[in-house]
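What follows is a single structure, written as structure tokens, with notes after it.
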């Protein structure tokens, strides 16, 4: 992976594990003697990490990569370490870091390296930014070059607004939030603390609402969108994702919601805490989603639907009715070679008829003396 | 809903109804005495509107909410008012506004409140904007901070260009148009009057055209896109939607077309007047769509197709052949619990075979004496 | 089509053909006498080109348009010209340009006209741009108004960065690349030579990676994305497309890759040389795609998949497992009138059961004496 830290800035393994927020994960280093002198400059996967990097084993299918791994240290579950030792009497080149949650521990270490990188970022308000006189920037706020902060907007302590962002009037952004370049907030949008908004995010554009106007031939009367957008704490929103403002009430994203890139959340939607959506999902207006839902990429939701808590939707599925019960749901046409697909797809248009034929044949088979009255010419 | 107007600026109900463009909607207030003193500061839904707000009944299923509604006034059809009175001898706390089209009336009132809000917006050319010397800005044009207007572009009277927009050279924007922040127009794009373009809209990027070059192994020769984009009057385009320029001729959106967010219109397409598309729709190149079509979210259109007038496509449907006849069309795999889906999806790959078996069994059942010659082992 | 060149700047047909890169295409003009005086000011389709434009016949179905074509010249295959002459003894108004690859020749001519247009574009670093002191701009680089170039970034000779772009620190852009307006590069992104990046492109946003944190109820721990993005030479990326940075290693696009608008490439993906994707495609993380694949619009790919070389995926298809063999693959629910779809879709949920019934009926028909034990009430 890219060089993250120069050798002289790389922490010792034991220091690194302490610095990361690993309370409750039961993390311990098996080779403590070595661990004091080991410097960790970055993170790598099992088959690419070099002698200044730490790696981790989370997916059991990668266990066979442990023997050849060149990392300085590997995070793994105690049982995986025991199994490895049973098969490899010679100690490996890497120090074993035993941890009940290796994937989470990796996440925490990656956060540590990322914070270290962020320490180099510029501070203060760039002179090319356009900040309204009556905007309120709390302590330690950074505003990047050519960003625009409009009237009466308040930005919480420690937050960073990237280059070229446009934050409309009357917005509120909580503390320690990070807005990458080219984020757009329309007027009156509220974002909580510790948000991460990626480039091209648009919050608060008008919802899609029109009334047919019978006084004209086909024209639509715009329904001005008078509600707002409220985003909870600890929300991350991916690049070019859009969350529309409500028609009358607000569109709401709960705490801890995670949205990937190019997602569309329609007006009046309410998304429950900790729900996560992969890229390219579309949620039509006024749909309400529960907590801890997991939505696969490119799934699509009709409007005015209700999803319960802990509903998982497979990628590519179109949801057109309420789903109240927790569980996994799918609706995807299976891919096939094109010719095969053509043959099978042709039958889709006759399924109802085919079922009738089966029913008729069942009756016929059960009472073969009756004359056949359901003759088909297909 | 958010406070829209301070009490002292709130109009009387009768004034508000006159100010909104309600000609032809037969609007009348049943409680005229009260109506003069009632001040309306905003709009709310039946179950959230407070005593300074107006609400409306459009969806008959919400009729039961009328009795508890706390709004100052409710717009409803005369027959709904009669039905309400028959069941509730006591007069409600709200004044009844009788109107043949309550939803349209709500739209017009919301527009009135939105215009009022817009009256507070800044005017003129922000000093940080970069406007070419030979650009033509007609009377009353507003250019937001850090916007760019390039050479020979003309912007019609009363139009507003938001912060950070980039309007390329040789563009034309009609009068009273509203470009929100971060809109991009490539060179030579034409937009009509009263357009609303939301943040992140890109008009006039190159269409996707390449010719295989047999002189190389697999490389593509770019087909420079020499056409333009022409957008009619009264068009609204949602956030992060893209309309590509034509290869040779122009890509054209008719008058009154309404596009939601994150829609993609390929090069050379022509979209008929008043056609409306919900979010995440993709239309491949050279497809021609009629007037007053309604396209559900995430629908997908192949290239070089023709759609007639008044065609409705359900959300999530992939359209791969012409549809000339008006009507509603659908093609969506129904969602199910994942295990159920797996069982049924497995049969999709055998449908053609299944149909053959049904046919064979029909013959067998009709003439049971013949030996079975279509034995399957599934 | 739009006027491309004033008459006095229009080249003679023979000059134009020489100036375009037509080596190896066996291009010849049948009417050389006329060709010296013919001035070509633009390109048109067969039925719209005027007497100062050149057209081409590539699609055999358009052959009937040749007789009425008003163009100055038409590029066509020798065999099509012979066939035309056999049916039309009178010479046409256009000069015939014989070429083995008319569509490729058209592409090369369109490039020539586009280069001519680009010759008028402004040069140099616009005074409103914000360029870091330690950024390196090679010879002939153009930086548009209000663009931002951050520290240690290097931009190759002859490249153009459009208005309002934000190029983060430590990026590298190769020579002769063209970034349209509002492109965002996060830190450390590498782009090759001759790239074309359209407005709203975002390269290097964080991949979507979270680890469930069992120490909390439902919260996600962010996996900081420490890898980068590497884009090869001759890559074109459409408007509002996003390519995320890798978690540990880089996300990679090979040479000659062509991505249309609003595509999402997840973290850690590797896309092979010359693979082309139409608009609205989503590729989930860690998927590896071969060379020369062609992906139809709105196709969707699950994560951690492998696609071989020369795989073609039809538009709208969801790919959820590896496809190693070259060929065309499809999985799309066929569109139908809504009522028909409803009837057929209702059977989808009973397909596994229907297959069982067919099997039972087959047995019954084969041995009609046995009692029917699979009675269904549908």
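Think of it as A, B and C in the order they're written, each chain with its own count starting at 1.
We take it that contacts are C-beta pairs under 8 Å (C-beta built on N, C-alpha and C of every residue); 3 or more make two chains touch, one makes a residue touch a chain.
All values derive from a computational prediction rather than experimental measurement.
Chain-to-chain contact here is organised exhaustively, every possible pair of chains being in touch. In this structure chain B contacts its sequence twin chain C using mostly different residue numbers, the overlap staying below half.
Distance between chain B and chain C, defined via averaged C-alpha coordinates, is recorded as 26 Å.
Residues of chain A in contact with two or more other chains: 146, 164, 182, 200, 240, 262, 280, 332-334, 336, 348, 350-351, 354, 358, 361, 364-365, 368. Residues 130, 146, 148, 150, 164, 166, 168, 182, 184, 186, 188, 200, 202, 205-206, 208-215, 218-228, 240, 242, 244, 246-250, 262, 264, 266, 280, 282, 284, 300, 302, 313-314, 317-321, 323, 327-334, 336, 340, 343-344, 346-348, 350-351, 354, 357-358, 360-361, 364-365, 368, 372, 374-376, 378 of chain C touch chain A in their complex.
If you check the complex, the residues on chain B that touch chain A are 1-2, 4, 23-25, 42-45, 48, 101, 103-104, 106-108, 110-111, 113-114, 126, 128, 144-146, 162-164, 180-182, 196, 198-200, 234, 236, 238-240, 256, 258, 260-262, 273-274, 276, 278-280, 291-292, 297-298, 315-316, 332-338, 341-342, 345, 348-352, 354-355, 358-359, 361-362, 364-366, 368.
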